[in-house]
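Everything on this sheet refers to the single structure shown next.
Read from first to last, the chains carry the letters A, B, C, D, E and F; within each, the first residue is number 1.
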Amino acid sequence: MANPPIVKPIDYADASPEVRAVYDDIMATRKTDWINNFWKVLAHDPAQLKRVWEGLKAVMAPGALDPLTKELIYVAVSATNGCEYCSYSHTAAARAKGMSEAMLMELLAVVGMANETNRLANGLRPPVDTAFLPKG
Amino acid sequence: MANPPIVKPIDYADASPEVRAVYDDIMATRKTDWINNFWKVLAHDPAQLKRVWEGLKAVMAPGALDPLTKELIYVAVSATNGCEYCSYSHTAAARAKGMSEAMLMELLAVVGMANETNRLANGLRPPVDTAFLPKG
Amino acid sequence: MANPPIVKPIDYADASPEVRAVYDDIMATRKTDWINNFWKVLAHDPAQLKRVWEGLKAVMAPGALDPLTKELIYVAVSATNGCEYCSYSHTAAARAKGMSEAMLMELLAVVGMANETNRLANGLRPPVDTAFLPKG
Amino acid sequence: MANPPIVKPIDYADASPEVRAVYDDIMATRKTDWINNFWKVLAHDPAQLKRVWEGLKAVMAPGALDPLTKELIYVAVSATNGCEYCSYSHTAAARAKGMSEAMLMELLAVVGMANETNRLANGLRPPVDTAFLPKG
Amino acid sequence: MANPPIVKPIDYADASPEVRAVYDDIMATRKTDWINNFWKVLAHDPAQLKRVWEGLKAVMAPGALDPLTKELIYVAVSATNGCEYCSYSHTAAARAKGMSEAMLMELLAVVGMANETNRLANGLRPPVDTAFLPKG
Amino acid sequence: MANPPIVKPIDYADASPEVRAVYDDIMATRKTDWINNFWKVLAHDPAQLKRVWEGLKAVMAPGALDPLTKELIYVAVSATNGCEYCSYSHTAAARAKGMSEAMLMELLAVVGMANETNRLANGLRPPVDTAFLPKG
């Protein structure tokens, strides 16, 4: 049995109107009828809940990058940081947006390789090549 | 002036036949006529140079994910880890593969948001929702 | 059920006099009658147990910063690093020193924001402004 | 000479009205007459500039924690993550809010100790003590 | 009960000939008759399974460093990154190669100390001493 | 030119008797006639200087692991964390203790591989195999 959360998740039934308004927007935006535990613990600070949710909604919306690509990036960062909750929740979100198993495995291969070469560069400290420097 | 590299970059002219063979494959694969410093420092261990290059070539090749998406993931991991060389080299590589400035800025917005919510989850420890758990 | 610890916790009853002396000092300093598992696993190396405990006692004592502020910083680092044991133990310690739930939520908001902007700076590499540089 | 930034800082004189509005709010809030490079590179994405600035302004405002304590936490996270720009800018900000040199040194002592014990816990995996678990 | 893996482990009986060939080489190299779960989840991408295994086999083979020293380094990196699976599997591997409990505890003392002083250096930014710079 | 340190290094000539005593012990222990910048910035907090130095001296002394192996572990952690100062100083220290270039390259190969497989495990979350669990 996993350890209990550090603050207790707040269910819709027990939430203040301010929190319910965010929960309603999460469900409407995602076309679902439930709220995942990340938001339920964040709800102990309604202003933070609203700020983080609205930031996430804006950042993950279609733009120069499509939503699936953005979700893949989220999975990549979560694996790099070793966030267990985030790996489960964002892998599920990416699958819901169309990520196949082959895509997941290739994504993690890139993540693994980048983590490897990042440390080779950190340990050997090659100078940045002039060709890679942005032009003024 | 940046600090000098921890091992001296090995130029093509000074390289062993074994190292030159890898350098030749890098240039042929990338259709360029120069070798960046990352490989030149790694060349102090020719077997490692060959293994890492061949791994990278395989991992970054088109597959279930296209090469630009893979390069974006590389940039995301490098920013998360704070690898300076890697941020410069992979941002340049992504631009060469078609990443616009708008795409770079959106990519980093996702990276920033993921790093934020990863820590909120780490600090509050919500249980993974049953709906996110893979089916046996 | 969580995985068992990598080395078995050493209870007071089974501890050597050298280890018991540290356990006694921990309990006297904290005014408690039990030892938490972190110290019980570290006790496999009595010299390390003594060094880490005495270091921690010195560092966390009141000084230019008060003990609660120091404990908040400990929680912030533990969430950033994703250390599960440390998030539970130091959140509990901070609560015991007077951290309210509102303080915990604000603390994590700062941690989240700092982790976000750290990566935006890592990915975009702005030069350090002259005004921020210490005067010689 | 440090490497140039990955995107060019946008000065006030060259900024769009949308960006200038954020710059104006930064200067008014901080009671300064200049904009630091972090915001000038983020300005390549005006919507992100506005979102991150407004988030930061809200998070760092006085609340259950005072602004200096929040700035100390920011410095702690930045040192843990190894973000160079952030260490310089937030140490300067903390000094401006009243952090003495003694406070900085004690803060880093806590950061160092937390990073040490986080890894001892990660390597030895002690079970979370029942007394540390939040009550349901 | 721990959360289930994100992709289901593939047992030998259910594996393709390509995957079985890697499994056979793992067992022959390690002189064991079973495959650990890391490889069983990686087997969802047979080419990646083969690449990572062959890389690991090459890197961990005796060379300028002996296999036990290499395994100690693996444990050190895994504790620094907070990878739970890796801490258990590589601590077990190091024990099988002769790591005593005293060696494990000393290893983690070095890991803890390095993580501490890394952050003191990150937070105070001392210039690299000329004597430490490699000669051109 | 690198950015100046966040606090000014304190030279022997300007140091208090308390700081000089630590400096003297560092030089006597290392059989050198100079102090590197890490200690000179830490000297702004003489008690911390003394505690960190004495901890480091104890941890790096010969024991179940020899001093060169301990220095290799320090280099591995510093590359993983991306600490620039630490990579230069501890690579130099390891060389002074006998690390050859071949050993450095193999060490970094292990570091790279461990950072790669740590993320594959974080992203796929295989259960820890029963055979790896310590016996009660």
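In the analysis below, a residue touches a chain if its C-beta (ideal position, glycine included) is under 8 Å from a C-beta of that chain, and two chains touch if they have at least 3 such contacts.
Molecules present, by chain and UniProt name: A, B, C, D, E, F = Carboxymuconolactone decarboxylase family protein.
Please read these numbers as outputs of a predicted model, since none were measured by experiment.
**Q** Determine the set of chains touching chain B that also touch chain D.
**A** A, C, E, F
**Q** Using the touch definition from the top, list the chains contacting both chain A and chain D.
**A** For chain A paired with chain D, the chains in contact with each are B, C, E, F, in label order.
**Q** With a step meaning a move to a chain it touches, how many steps does the shortest path from chain B to chain F take?
**A** Contact-graph shortest path, chain B to chain F, evaluates to 1.
**Q** Assuming a repeat means more than half of the contact pairs shared by residue number, which candidate in D-E, A-D or B-F repeats B-D?
**A** It is B-F that repeats the B-D interface.
**Q** Comparing the two chain pairs, does C-D have more C-beta contacts than A-F, or is it the other way round?
**A** C-D
**Q** Mind checking chain D against chain E and telling me if their interface is mostly the same residue numbers on each side, over half, or mostly different?
**A** Same residues, largely: of all residue numbers at this interface, over half are found in both copies.
**Q** State the chain with the largest centre-to-centre distance from chain C, centres being mean CA positions.
**A** Most remote chain from chain C, centroid-wise, comes out as B.
**Q** Rounded to the nearest whole Å, what is the centre-to-centre distance of chain A and chain C, using the mean of the C-alpha atoms as each centre?
**A** 26
**Q** Mind checking the centre-to-centre distance between chain C and chain F? Centres are C-alpha means, answer in whole Å.
**A** 20
**Q** Rounded to a whole Å, what is the gap between the Cα centroids of chain B and chain C?
**A** 33
**Q** Which chain F residues touch at least two other chains?
**A** Residues 1-7, 52, 55, 59, 78, 80-84, 87-88, 91, 102, 105-106, 109, 111-113, 115-118, 120, 122-125, 128, 133 of chain F touch two or more partner chains.
**Q** Indicate which of the five shapes (line, ring, star, complete, other) describes how the chains touch one another.
**A** Graph shape here is complete: every pair of chains touches.
**Q** Touching residues of chain D toward chain F in the complex: what are they?
**A** Interface residues on the chain D side: 1-2, 82, 84, 87-88, 91, 101-102, 104-106, 109, 112.
**Q** Show me the residue ranges of chain D that touch chain C in the complex, using the header's touch definition.
**A** Chain D reaches chain C through residues 2-7, 9, 34, 36-38, 40-42, 52, 55-56, 59-60, 63-65, 69-70, 72-74, 76-78, 80-81, 83-86, 88-92, 100, 102-103, 105-107, 109-111, 113-118, 120-129, 131-133.
**Q** Could you pull out which chain C residues touch chain B in their complex?
**A** Interface residues on the chain C side: 75, 78-80, 82, 84, 87-88, 91, 108, 111-113, 115-120, 122-125.
**Q** Would you pull the chain D residues touching chain B in the complex into a rising list?
**A** 1-3, 6-7, 44-45, 48, 52, 81-83
**Q** Would you pull the chain A residues touching chain D in the complex into a rising list?
**A** Against chain D, the touching part of chain A is residues 3-8, 47-48, 51, 55, 58-59, 128, 133-134, 136.
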